[in-house]
Amino acid sequence: MDLLLNKDFMQQFLSPIWLSLKIATLSSVAVIIIGTLAGRFLARKPFKGKAIFETILMLPMVLPPTVVGFFLIVVFGRNSMIGQAIEWIFKQPIIFTWWAAVIASIVVAFPLMYQSAKSGFQGVSLDIEEAARIDGANEWRIFLFISIPLASRALISGSILSFARALGEFGATLMFAGNIPGKTQTIPTAIYIAIDSGNMKMAWMWVIAIVVISFLML
Amino acid sequence: MADLKLQHIYKNYNKNVLAVKDFNLDIKDREFIVLVGPSGCGKSTILRLVAGLEDLSQGDIIIEGKRMNDVAPKDRDIAFVFQNYALYPHMNVYHNMAFGLKSRKFPKDEIDRRVKEATQVLGLEEYMNRKPKALSGGQRQRVALGRAIVRDAKIFLMDEPLSNLDAKLRAQMRTEIIKLHQRLQTTTIYVTHDQTEAMTMATRLVVMNNGVIQQVGAPEEIYEKPENVFVGSFIGSPAMNFFTGILSKGKMHIGDVSIVLPERTNQSLHEQGYANKEITLGIRPEDFRDEFAFIATSSGSIIDAKVEVKELLGAETLIYSQIAGQPFIARLDARSDIKQEQILPLAMDMNKVHFFDCKTENRISLDGE
Amino acid sequence: MADLKLQHIYKNYNKNVLAVKDFNLDIKDREFIVLVGPSGCGKSTILRLVAGLEDLSQGDIIIEGKRMNDVAPKDRDIAFVFQNYALYPHMNVYHNMAFGLKSRKFPKDEIDRRVKEATQVLGLEEYMNRKPKALSGGQRQRVALGRAIVRDAKIFLMDEPLSNLDAKLRAQMRTEIIKLHQRLQTTTIYVTHDQTEAMTMATRLVVMNNGVIQQVGAPEEIYEKPENVFVGSFIGSPAMNFFTGILSKGKMHIGDVSIVLPERTNQSLHEQGYANKEITLGIRPEDFRDEFAFIATSSGSIIDAKVEVKELLGAETLIYSQIAGQPFIARLDARSDIKQEQILPLAMDMNKVHFFDCKTENRISLDGE
Amino acid sequence: MDLLLNKDFMQQFLSPIWLSLKIATLSSVAVIIIGTLAGRFLARKPFKGKAIFETILMLPMVLPPTVVGFFLIVVFGRNSMIGQAIEWIFKQPIIFTWWAAVIASIVVAFPLMYQSAKSGFQGVSLDIEEAARIDGANEWRIFLFISIPLASRALISGSILSFARALGEFGATLMFAGNIPGKTQTIPTAIYIAIDSGNMKMAWMWVIAIVVISFLML
């Protein structure tokens, strides 16, 4: 009980939690919006190279997290075009910032949302969309009032999965955003460090915290 | 409430599959046109082309004089009733009907008025707040009709709307749709593979096969004078029976059975060069007769049919038999005294037989026609 | 080739839903029993109970004198034809038929002989190596039958085997199944909701509703003497018409229409205490007559029917009309001269009307019966 | 090219690859067998507490890998009953051995296999199994000749997913099996260490190796 009242300790305990929540929320909002739009667009439209395009989108789900982290470092690193552009705009590299953690979470969570959204939209009977089209609705109205409500179960489960994946992201984040306490240390990395340094008490507290957050989501 | 012209319509899905070929049809205002044919004959494709759900490969669709080829579905002012109803599952009956009007920005009280009127006509008042899942098949079908009615569209398109209902309900809804058309008088194209629906509902019937129109006409006309073997066999249940035989000396020889032809028929067939050639005779099951009086006066067209199977269908009996290996079905009044394996003398009603060319399978017109 | 006794069978899925209630039936060797009723009437449940796919709640199933309640499906020596065929999709036609024999460890050449024989009977020789996906609906149905035939089982159970086929094919397969039964003579229970199948195939018909047997008998018997209103309305298409009216002074008054009853009928109804009471009259559509000769001699049973809808069905015409707000359908020979809204005099054939108690809905037996 | 001929270097490069393949193969064989049986058994049989039982089975898919690693350490650690039993039998603790990596891979890959197998078996029409039952087949024959062939697509895709997941496992493995070169260092952990120590050349080679293995699987 003493510990809980200790201000420094609380600071140390809560900081990864707030950071995790912030990163997971931000990245899953982005993933939900992009994933829903991409899922709807690609659910029905066939085009050349669709299979290859989809395979690339899905890769982060199959590849080991450290490989994802490796590619993030290569793509956003100081030697790449993108990395240099970012450094020029923001006056600092993105690697080892919490924005890097957001990007890592987006990349690993996106396939989950995209897949859920796509199968959700594919599950909407084509007839029903055609009926709405003949009924005088434009494409935007169909998307908003027909497709989204009918795919809502898949969209919600995709959103939850994405949030959970973003919250639990470890490997790619560790490599791309690092493990800087108060700056890029999330719950999963904090647990790793706590165990590594033999601090079982802190590890238990963070594990309980993340399990509680996971249950609150469901 | 509009006329509709379909001119030289072609549709191919890829280079090899031709779904519709040179389809021409002028539909007058207030007509109830039924497109009928086996599955895959292109009838649903026609409907989807008229609705704008698919693009034409060639030809023109003209509604009230305006070319519609490139007009979006929502701007064609047509209503479509889907085979599986295609109701909006997350909306109740009211909103299912109101959605189209809302999309077209009708004022709220006008929407209300129209939906209420339609639910009254269709007997759905009690179900206004139910979602489609909580409705029976027949009620869903009515909501789908209601969605078309409230729109007050120029043309109704219906794609096998009754095929998911059971037999009793199908008969009932058939009648309701006929009454609805009598009341609203909206030009309608109705697609079905069910020939009972085709016969009972159409003001004009269009029989299709393999993407090509086979015959267009009033149902009675098509039943009584099928243009070719396909139409004869497709319309009518059980199907028309066909016998192939050789025409010689005023008789048609089917195996070892000979049928005497009426003098005028024989003469007309001879004049058209069918003497001593193979020819196809078509006769409907009900045009076999077993009444004593009829048999006594038709000595030339009697066959001794061995009863292979007898089916008692309440008011009538079907007899399955064959002539020289060519099977046929005869439809007689209900008689419980007919036995399996029995030899039953049957007369063909020679005023009601049809002749077709063996190769082209087209009807041979006789003088009397 | 066995007899089957079903004794006091009950089946409930949970405490509240009683699927089958006190079902009793003795099926003799070689019978072709058809269970018919609307969906949810418990007919398929009976089949699944006999097969052992579900457990009885109460009662006994006895095959050839042996109680089968606790015998596993594979040891009951029955064959089952499923509604959706339930073929093994990954096996070709040969292996679909052979699987059951292999499971029962038949020698290889015996399996070969039996499968070949069955494919010959069913005309499937050419398709031996095809998988179900590459077969048409009718061919799949034949394979399903073949799988039952090769087993040479004591009892065949068929659960709406034709309901996934189109109308023409259904009629053809119906005949094939009848022929097959004539040949194999295997005791069969056949479940259907289609009353045409019920009427044409059964040696005995069992009509069910809500889990309870309504009537058991030969098809003709059930058609001609339905035990209650349900049986009358379920068997026959279009359905039997019912009118409710009051019996008084030798007449039945339906609204302002009065029908004179034959003297003996009237007397019998009076003796049973129906005088001045509500009573239900049932008459089949074909027992309305419009022939001049018939009408001239039936002055007491003439009604002036206003034609609301006319349906021309090829060989016959259906007329939709009503008496005092009670709708009915009459089935007349094909006549194209009848017009919508016309008043058509129709005579009821009073030898063919049925009477039912208004409350119990059971048939009232008359003296003549 | 010099490097490839250098024996020590090849040893250092190949060792994580062999170890990864060994661990992934062993664990996915175990997962495929257990997952198929569990999927088939639970596909049709309803029982009390099934939902809770399934949630526990699925947890490793939702929880962050470090939490899975944490629980593995707790369950198999030297202070637990299981850990003490293992130590008594094998005369050494399981933690930081390659068997620990196998267990970690099994735990994270199992949910994928189970879910695929279950939905595959549920997709087998009940009628077809009943037809086989009436046809005289016993339950074992039905499983072998009807259920497995008909669910084969789902079983194969589940197997591939499980193998990929086992191969890419990083967080839980890092914590439970450690990162001991030649003993428990798998490709994902090797990549992490290579990047961490700035050895981009080695990282690239391992990344290429794991991508090649992944493509060979498909």
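The chains carry the letters A, B, C and D, assigned in the order they are written, with residues numbered from 1 in each.
By our rule, contacts are C-beta pairs under 8 Å (C-beta built on N, C-alpha and C of every residue); 3 or more make two chains touch, one makes a residue touch a chain.
These numbers were taken from a predicted model, which means no experiment stands behind them.
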Chain B and chain C have mean C-alpha positions lying a whole-number Å distance apart equal to 27
Cα-centroid distance, chain A relative to chain D, in whole angstrom: 23
Distance in whole angstrom between the CA centres of chain A and chain C is 60
Here the gap between chain C and chain D, centre to centre from mean Cα coordinates and rounded to Å, is 57
Residues of chain B whose C-beta touches two or more other chains: none
Draw the chains as points, connect those that touch, then say whether the picture is a line, ring, star, complete or other. ring
Which of the chains touch, listed as pairs? A-B, A-D, B-C, C-D
Chain B residues touching chain A - in the complex, by the definition given at the top: 51-53, 73-74, 76, 78-80, 82, 84, 86-90, 99-100, 103-104, 147, 151
Can you list the residues on chain A that touch chain B in the complex? 125, 127-128, 130-138, 141, 145-146, 149-150
Residue ranges of chain C touching chain B (in the complex, touch as defined): 39, 166-168, 171, 174-175, 178-179, 182, 193-194, 196, 199-200, 219-220, 223, 235-239, 284-286, 308-309, 311-315, 318, 320, 331, 336, 340
Which residues of chain A touch chain D in their complex? 62-67, 69-71, 73, 161, 164, 167-171, 174-175, 187-189, 191-192, 195-196, 203, 207, 210-211, 214
